[in-house]
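Two complexes come next, and they have one chain in common, chain A, joined by chain B in the first and chain C in the second.
Moving on to the complex of A and B:
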C-alpha cells in the first residue's frame, strides 16, 4: 500500500509516514466530519420516509389524509434524501479522505468544504421540501424540483476542485487504482447531473427522448458515481486492514477501464419492451451482459487478496462491512447482467423485483461499504475509539440480515407478480393481493434496518461528542491475537 | 504526457461515447421529429396540462406505467391495456413522457379509451375502495372538498350520505386521465405492422 510500502523497513521512515498520516487526518477532520454528520442526518430522515412508504404499500390508509405524506411524494423524498443527502455526502467525505491519504496531500482550504457542506444541505432541504409540497418532477432519481440543482452542483464543484487539488500535489510516480476511481467519479457525477438537469428540467428535450436520458442518468449515478467510490474504498481498505497489497495490479486496470466503458452504456435496460427502436435497447442489453468482465475481475482480485485472511472478519468491524459490501457488489452486478436479458426482463420489469435489486445495489453494496469506511475513518479523524463493539455488532447484523431478507422476499414476490402479469385472465386486483405478504415482510426488513441505523447513529454521536472509550486500543469484535476455539 | 492527464482523457472518452449514443442521438432524433409535428391545440389543453402536473406532483408514475408492450413480449394487449403497442412517436405531443417502471397498479397509456367516465375516476380518486375493493391505491381525499347538496354539478354522495366535490386539481387530474389515448389509431410509422 502506498502509505506503508515505501517504509516497510526503515524505522525513521515508518515514523515519518505515521506523522504524515496524522497531519493528513488532522487537516481533514473538521470539513469531512461536517459532511459525515450531514450524511447521518439525511440517513435517518431517509429511513423514516422509507418506513412510511413501505407501510403505505400494504396499508393505503396509513397517513393518507395529508397531501404531503401521500405515497407518491414520500417515496421519491426517501429515494432522493438517501441518494443525495446520505450516500453522496458520505461518498464525498470518504472519497476525499482516501484521496488525501493516497495523494499524501493534506486537505487545504478546509473552509471551502464547510461552505460546500452547507450548500449541499440547503440543496437537499430545498429539494425534499419541494417534493413533499408538490413540486416533484416525477423524473426518477431526479425528483428534486428545479431550484435544487444549482445548490448541489455548486457544492459538488468544491469537492471536485479539492480532489483535483490533491491529485496535483501527489508525489510523482504510481497512481493507485483507488485514485483512478475517485478521480474519475469526481468528474463523472457533475457531468451526469448537469446533463440531466439541462436536458430534462431546464430546457426539456422532446418527450420521447426524455426516458432514455433519464435512465442513462439514473443508472450511471450508480455506475459512474457510487460504484467507483465503493470500489475505491474496497481497494483501499481491504489491503489496509489486512496489511498486504492487492492481489493483481493488472486485473485492477482491466476492471477499471471495462467498467468505465461498459457501465456508461447500461441505462436503456430499464426500457426493455418500451417504445424504442431495437438498437437503443440492445446496445444496453449487450453492455449490461459485458459488465460481467469488470465485475468478475474485481471479485477475483478482492477474493485473492482476502484468501487466507477470512479470519480477520471475526475481529475487524471495517472489514466485515467492506467484505459484505464487496460480495454484494458481485451479487447485484451478476443479477443485473442476467436481469437485462430480455427473457428475464419480460417477467421482472414493472415489478417489486426491480426495487429489491436496487436495494441490493444502493444498500447492500454502496451503503454497507460507506458504513465500513466510516468505521475506519472516524477513529483516525478524531483520535478516539468507537464507544461500543456491541453497538457495531447490532448495526452490522441488523442491516445485513435486514437487507438480505428485504432482497430475498421482495425478489421472490416480484417474480411471482411478474409471472401473474403474464396471465391475462388473472384479475389485476388478485395480482395485487398476492404481493401483500411480501410487502409486509419488506416492512419488517425495513424495521430491522432502522434498528441498525439507530445503533449506528448512536455510535456516531457518542464518538462525535467525545463519549468514546478511554483507551488506546481499537474497538474490535474479538481479540485478533486470540486463537479461535478449536471446538 | 502527465499520467493523470492521460487518465483524465480516458475518463472523458469513455463517458463521451455513451453520452453520444444514449443522450445526443435520441435528443436530436426526437427533437427533429417533434419540430415536424403539425401544431395541434385543444380547448382543454390548459386543464389537461394542469392535470399532468397534479399527476407528477403526487407521484402516480411510481405505480402506473403509460406504455403498452409489444404483443409477442408481454400480455398487455390481451389485458385490454391497448389495441397495439405504443411507439415513441405516440409521445411526441406530450411535454413529458411518463412511461413509468412499475405496475403496482394497471397501465394508464390508454385509460381515456378504456374508462372514459369522469365520475368513476373522481370517485376512484377520492377512495379507491368505493370502486375497486382490495386496491392498494392510496385515497386522494385531500383533492376533494365537502359541499352542500345540489351546489356543484360533479359532486357525489358518499356511502354515509355526505357529499363531496372535486377541487380544481382533481378536475384537472381527471381531465388528464381522460386525455390519455396513446395507442389510438394506426401507428404513426412502420414500427409495428397493425394486427391482422
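Moving on to the complex of A and C:
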C-alpha cells in the first residue's frame, strides 16, 4: 500500500500535512515574492532592450542618436538583464520554493532573502548602468563591469545558505531528484561565476587563455545552473499537476549523475575553428555528443509521463508552459549535440543560427519553465486566484508562437547565411543583405513575445496587489470536485 | 598565471571530486535502494498521488 493511498483515509495525517504545507508557503511568501517581483521587472526591461537591439539589426538608424542606446550596448544589456535579472532571480525564487516544499522545511530568516534581493537588484542595476554607459567588459555573458560581481555573489551566497539550511532540516529518507538538481546548482552557479570573475576580470589571464574560460563559463551557466533548476521544476511540477509519479524514476537519477559528472567538459565546442589545441575542442565535441545520455533520460521521462495525459494541457496553465519547456529542452539539447559536430559547426558558427539556438535554450526551455512554475507558485503563496484565464492564454500563445517563429526563421536564415559564407565569390555585403528578411521576422517574433510578457506582468501585478479574487482555497489549488461551478 | 592555473585545476577537480563524493554518499546511505517509493516523495497526504492539481481560473476541469 502506498503512502498516499494509506493517508487518504487518515484525516489526521491529511490535516497535519495541510498545516505543514500552509506553514511552508506562508514562510516563503514575502521573501520569494520579492525575488519574483524583481525578476518580472528585469524581464520587462530586458524585453525592451531586446526589441531595440532586434530593430537595430535591420534598421540601424533606430535610436542611434544616443551613445548609450547603440547596438553594442543595448544587446549585452539585454542579455545580462535577462540572464541575471530575470532568469536567475526567478530561478532562485522557484528553486527555493520547490526546495522548501520537498524538504518540508519552512524558510527561516526571511529577512536575509529580502536583503539578498536588494543586493541582487543593486548588482543588476549597477551592471546594466555600467554596460549602457560604455563599461561593458566585452566578455560574452559576463559584460557587467567589475563592480557588479560582489553584489551578485553576496546575494547568491544567501540563497545558497538558505538551500543548505533547508536540506539540513529535511526529514530523513529519500532525496528527490529535484532536490539533487537544486542543491547542486546552488553550488555550481557561484563556483562558475566566481571562477570566471577572478580569471577574466579581477586578475585576467593572458588573452589567448580567456576565450576558453569565457565559454567554459557561458556554456556551463546554462548547463549547470539554468538546466538543473529547469529540470528540477519539471520533475516536481509534472507529477504534482498530473497527480502521478514520473515515468521512470531510475532514468531521472542516471540523468542527474551523468550531468553532474560530464557537463563541465562541454564549453569548448564554442571555439571550433579557433586557435586552440585540437584535443581541447575534440574533448568538448565528444562530451557534447555524450550529453545525449542525460538528455534522453529526461526526454523519455517527461514525454512518457505525459503520454495519455495530453488532455491535461487543456486545463492546466502550469502544465502548458512546463510541457512546452520540456519539449524545447529535448529539442535544444539534441540540436546542441548536433551543432557541436565539426561538419555542422563549420556552417552554423558565427551565424544567426547560434542566436536562435541560444533563445531556444534560454527562452523556450528556461523562461517558459519559469513561467509555468510561477503560475503554480503564486496562488499558493498568496491564497489568491489568478485574475484572468484569458491573460494566461494570451501569455502562453504569444510567447509559444513567438519563440518558435523566432527560432524557425533565424535558424533557417542562419543556415543560409552560413552556406553563403562558404562561397568565396559571394560579396560579404550581399550575404548580410540576404539576412534582412529573417531579421525583420525576428523583430515581429519579438513583438509577439513582448505582448505575452505584458499579459504576464499584468496578471502578476494584479495578483501581487490583491486585485485578484481571494479565496481560502484557490481553484488552482482545490480539489476540482469540491470547486463551486463558476457563473 | 600560476595562480590562474591553480584556480582552474582546483575548480575542475573540485567539481569532479565533489560529484564523486556525493555519489558515494548517496550510494552508501541507501538513496538508490527503493526508487519506486522515492518517486512518490513529491506527494503528501494532503496532495496525494492520483489527485491532479492546477486549472485555469474559474474553469471547471473535466474528470480524468
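Here, the second predicted complex is superposed on the first by the 460 of 487 C-alpha atoms of A that agree within 3 Å, B and C clash if a C-alpha of one lies under 4 Å from a C-alpha of the other, contacts with A are read in each partner's own complex, and residues count from 1 in each chain.
Note that a residue touches a chain if its C-beta (ideal position, glycine included) is under 8 Å from a C-beta of that chain, and two chains touch if they have at least 3 such contacts.
Computed from a predicted model, the values in this text were never measured in an experiment.
Because the two structures share chain A, they can be overlaid on it, and in that overlay chain B clashes with chain C.
Within the superposed three-chain model, A:161 lies out of touch with both chain B and chain C [touch as defined at top].
By the touch criterion defined above, A:318 lies against chain C but remains apart from chain B after alignment on the C-alpha atoms of chain A. In the overlay built on the shared chain, the residue A:195 is in contact with chain B and with chain C. By the document's definition of touching, of the two partners only chain B reaches A:432; chain C does not.
In the superposition on chain A, A:412 makes contact with neither chain B nor chain C.
By the touch criterion stated above, A:18 is placed in contact with chain C alone, chain B being left untouched. In the superposed model, A:354 makes contact with chain B only, not with chain C. Residue contacts after overlaying the shared chain place A:280 against chain B, while chain C stays out of touching range. Contacts of A:213 after superposition: both chain B and chain C are touched. Of 2-10, 110-118 or 128-136, the segment of chain B running into chain C after the two structures are fitted on chain A is 2-10. Touched by chain B in one complex and by chain C in the other are residues 175, 184, 187-188, 191, 195, 199, 205-206, 209, 213, 257, 260-261, 264 of chain A. The touching residues of chain B, counted against chain A in their complex, run 3-4, 7-8, 10-12, 14-15, 17-19, 21-23, 26-27, 29-31, 33-34, 55-63, 65, 67, 69-70, 73-75, 78-79, 85-99, 101-106, 128, 132-143.
Of all the residues in chain A, the ones that touch chain B in their complex are 56-58, 60-61, 64-67, 70-73, 75-76, 134-140, 167-168, 175, 180, 183-184, 187-188, 191, 195, 199, 204-213, 216, 220, 224, 257, 260-261, 264-265, 267-268, 270-271, 273-277, 280, 283-284, 342, 346, 349-352, 354-355, 421-424, 428-429, 432-433, 435-436. Interface residues of chain C facing chain A in the complex, by the touch rule stated above, are 1, 3-4, 7-8, 11-12, 14-16, 18-20, 22-23, 26, 31-32, 34-64.
Interface of chain A with chain C (complex): residues 2-5, 7-8, 10, 13-14, 16-18, 20-21, 102, 173-176, 178, 184, 187-188, 191, 195, 198-199, 203, 205-206, 209, 213, 236, 239-246, 249-250, 253, 257, 260-261, 264, 309, 311-312, 314-319, 375-376, 385-389, 392-393, 469, 475-477, 479-480, 483, 485-486.
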